[in-house]
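Letters A, B, C and D name the chains as they come in the text, with residue numbers starting at 1 for each one.
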């Protein structure tokens, strides 16, 4: 059977055109020119042209449509900044993803952490069985490990918010904050996107969510792995820094940044580039949290956490490379360097820009020239893997209850039974 | 008959491709990055994109080919700077025109002013007629007015040198310096270009030169009329300026120029823009020179020129608007403003650039945004004219020699002759 | 240029100075699709731009494959389109008299004096001034430009026995030589000069293909400039009567198109200008 | 993509991430024309790019309209082209065993262990290591990608009675519905799955058009992603077996084309990835 339902002939492209026409606006009044108004949406067409010079991008027309869609998003939501994160290809539809930050004071309140997947031990269930005189079945005492708390908006993996739509002009959907367990499961499975946010994700180990959560988790992983910028563009905020180096997770744009020369950016060892997205620890968070801490105390302050440690057996806190680490100590991908650099123009290198492409996440690129740089991701949303993928095997079957009072004996054969009956007969 | 000779089928596009392939180069070494090497060729593709945003230009691919051709030109000739002046359409082929300046010390020596069109009065011609006993025909004593001296390279209309070719990749031809008489004749005729530099120019008043000189003259007129820049980009060179305001004809780029805001550039009265090309006086030069000065003394220094004036009858020196005059006092074209301004993008004016188009020379445009600006001309090379063109009438026929000894008498009719003969017969 | 194939056309026309910014293309792509649907047209083409002093008029033309008839629309921002009114021949004649540039304001009034000779006792002529809005002048200009410059390669259209002008789907494009000759292009309009052709000439013509006027009969001669462009991948014809009109055709392929970007004024001094 | 019609193809492929910089296009435009002339080919197409770590390989493919045969060329800078060697099937099989990325250096050596079972007294298997240069691996990759992904819309080619595969000039493009169905696209190669079709199925096929395998028979099912793109002006098919291969076709017009931009590695884990 065909995989695409019959589209009515005419109205289809008209529907898309209608959706797009909402984007088109004709403003003739020029922005008053006192203070340069802080631009919410970057000049995407300009960035797209730098990327196009390096053979990366989606074509000027699509980029312009995305630019208009970003403007529309900036008008609908109280956002401080909106950028184009990238495009992820799906089998039925593609995803256009925008990365945004809320304005001060407009941040969404962290909704209460309800825990759907912990079975509440309600006492009443037990009594019913006793009444009808049947000894209750043994209840499973398995309690899944408590979920790690999700990082609030503005910190670690949820530093920014992500909106997604299938075609520029369609309605934007806000993706939920990413949960650590989503990231850890997402690292073990390998699923292609279909393009429908509500599509189920059938995989082992089971992914607790639909394609929407999978997409958000993959975005978090790609951002952490591939968002790079020329060294010196971002610097740590000196004043705020109270000497506590772990807390160095916010950085600011360095005004005096003069821009790196092409030669520095093209260094084979990539010393000219740094990561500016926090590394995601194996437990699925950027900032480590002690898993077997009681779930109740929500504020995780560093100090008292250490004292509790003695009671539980020692869990060595995971640590990843700190923020703004240069690229050269990214470990290799299948024996080859993690990043490859290209000069965008060979006819006249003086006017060229430098493109850096990730070999770990094919489709992730960044360009830099003078004081400009940008990141983009255009691909299937899958990590490069050297060995063929082999899914995790289910855990070994549980060992049967082998308590003392359940001795196993071999069934007597037919012939033994007859001797036994004969013996019983003689005793009478 | 058809106007295009049969081109052999295959090799034609191959010939063009061969010509173009000489342009393609593959440089991988990156320019060393100490001092930013002074770029001979501007980033034409970047300028072309600003122009394309304002619906002006030749398309990115052609602009890039022109950029490569300019690079090739910069390698062949000792040039300080080469820019793309524009494209003039011809009936058979088009002209691609590059504007260039020679490096210090490499200027072409002003070749001797030979005066081909003054008939040298060689005495010998007269004798031959007397030998064969025929009184010599009266020699015409008409001496055409002496040509005005051409402005040297680097000043006035010849401030820059112009190279031309039909297709990027073909060989560049250097256009000669423009002569004042070419400009004055060029202002009275209206000729379309054919695209062949050696094509004769058939017009009245007669144009002393081929299409090459006509093209150079038209370029000079268009440059003088339409090369504009944001006010403040160029300033007069304070040190050199010894208070003598006529001599203010060289200006330099103002480093602290911060760039005009869009609103200023869009002012209806165009106060944000200035001409930076010298005005061409009616006599065809930018700097006025006294026509009836003896041709011998070549250095025209201002002082002694005034003393001579008493002898000749008073000629009022022509004067045009000084350099760097704002655009608002350009007189109207057919009742409409001389310039029309456009904002390049209406979807997001904050990222737009301003385009200024000349209504006097349709096809001349300039764009400006922040610290960038550029001029371009793409058109037929003809001025806008409100009234239908009526060529200059030839001068009235010269009055016949009506000296005393040439009295005219009416021919006697047949009947008068008979009476006269009868009268003669009676006297004998 | 057909709105679907906007981009191949633009590549060949851009070397003659006709370019569209990305923003215009995106707006056109959307608004022309909606226009085509709203007006029930089979095909909508971007016709070009008439440059006014204060603003430009973007023109689009829709057709239903029924011969020469077309519907024209104009827009200032490529988003909202308005239909251009039909122009009565008499009005067209007086529009042709208007010199001067388009101002860019559709409701601008032009006044035109027309001397109508009245059979009255007086000296017999009364000056009649008619005022024409710029919108009407725009419609007249678009119609006049079409009449004198809309051309198609020979063989692209054919006349069916039932006298219906139809697109010839088997048209594979002119050969390389034929594309360089003026005779192989024909005015896409009711034939005018064809009727005055001598029977000898008409005998040599193929009824099915040569049912339109060839541009080689246009007066004044050489009013079309024809060139191989872009490494002879395309042939470009430019009208010198209406400067700004450019037609392109890629030999050996069915692709051809035209666009007009200019001031919308006819060039009446061509005779002086021709070399 | 055909070098003449490089730009319309790029417009439809760019939304799938396949773009070419202006500089590349200008170099390609010139160098492919010279290549076509030098190699006496009727048609040269830009096939795509195989991304190496240090440098990319640009691939062009020339054909003489004689059926499926093509000649492939590769270049590092789109200016100088070198022909890719023909690959023997055995070598192709061992090339398929090479994991890892292309390094970008044509003379890089890959070593492949092949166990050849010898009928000798011993345990009977000798490990034979063959070294393959990256250039040969490139040729094998291009051939493999073509074999599994080069598709054309049904009806674009026809089989003449003399068993010659020819371009069908009357091809006006698939209808809007048909373009959205996987069955209307066919592998442009010697038929493989066609032979194993039951006579009942073959009875329903049109001999002149259905002489190639339809991609709906490809294993694993759903290994092609099909979408309407760009406001359903074009249908885009993407191969999930060779990620990076994109094919486009604009319904109701004869235009179609394909390009490959990827790492040149086959995706063998599709079964796990499919939803």
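Here is the rule we go by: a contact is a pair of C-beta atoms (placed from the backbone, for glycine too) under 8 Å apart; a residue touches a chain by one contact, two chains touch by 3 or more.
Here is each chain with its UniProt name: C, D = Radial spoke head protein 9 homolog.
Just so it is clear, the model here is predicted, and its values are computed rather than measured.
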Starting at chain A, what is the smallest number of hops through touching chains needed to reach chain C?
-> 1
Pick from B-C, B-D or A-D: which pair repeats the contacts of A-C, with over half of them the same residue pairs?
-> B-D
Chain of greatest Cα-centre distance to chain D = B
Selected pair, greater C-beta contact count between A-D and B-D | A-D
Which whole number of Å gives the spacing of the CA centres of chain A and chain B?
-> 64
Could you give the separation in Å between the centres of chain B and chain D, each centre being the mean of its C-alpha atoms?
-> 56
If you average the Cα atoms of chain A and of chain D to get two centres, how far apart are those centres in Å?
-> 33
Inter-chain centre distance, chain C versus chain D - centres from mean C-alpha coordinates, in Å = 43
Of all residues in chain B, which are in touch with two or more distinct other chains?
-> 13, 17, 20, 24, 26, 45, 61, 64, 68, 346-347
Multi-partner residues of chain C (at least 2 other chains) = 11, 22-23, 27, 29-30, 33, 77, 231, 233
Line, ring, star, complete or other: which one describes how these chains touch?
-> complete
Hey, which residues of chain A end up touching chain B in the complex?
-> 24-33, 37, 39, 41, 43, 45-46, 49, 64, 67-68, 71, 261-264, 266, 343, 346-351
Chain D contact footprint on chain B (complex, rising order) = 10-11, 13-14, 17-18, 20-21, 23-24, 26, 45, 60-61, 64-65, 68
Touching chain B in the complex: which residues of chain C?
-> 10-11, 14-17, 19-24, 27, 49, 51, 53-54, 56, 77, 99-101, 103-104, 176-177, 180-183, 216, 222, 225-228, 230-233, 238, 240, 243, 262-263, 268-269, 272-275
Chain D partner, complex, touching residues on chain A are 2-4, 6-7, 9, 12-13, 16-17, 20, 52-59, 61-62, 87, 89-94, 190-192, 194, 199-202, 211, 334-337, 340, 342, 344-347, 357, 359, 362-363, 378-380, 382, 384-389, 391
Chain D - residues contacting chain C, complex = 4-5, 7-8, 11, 29-30, 33, 169-170, 172, 231, 233, 250, 253
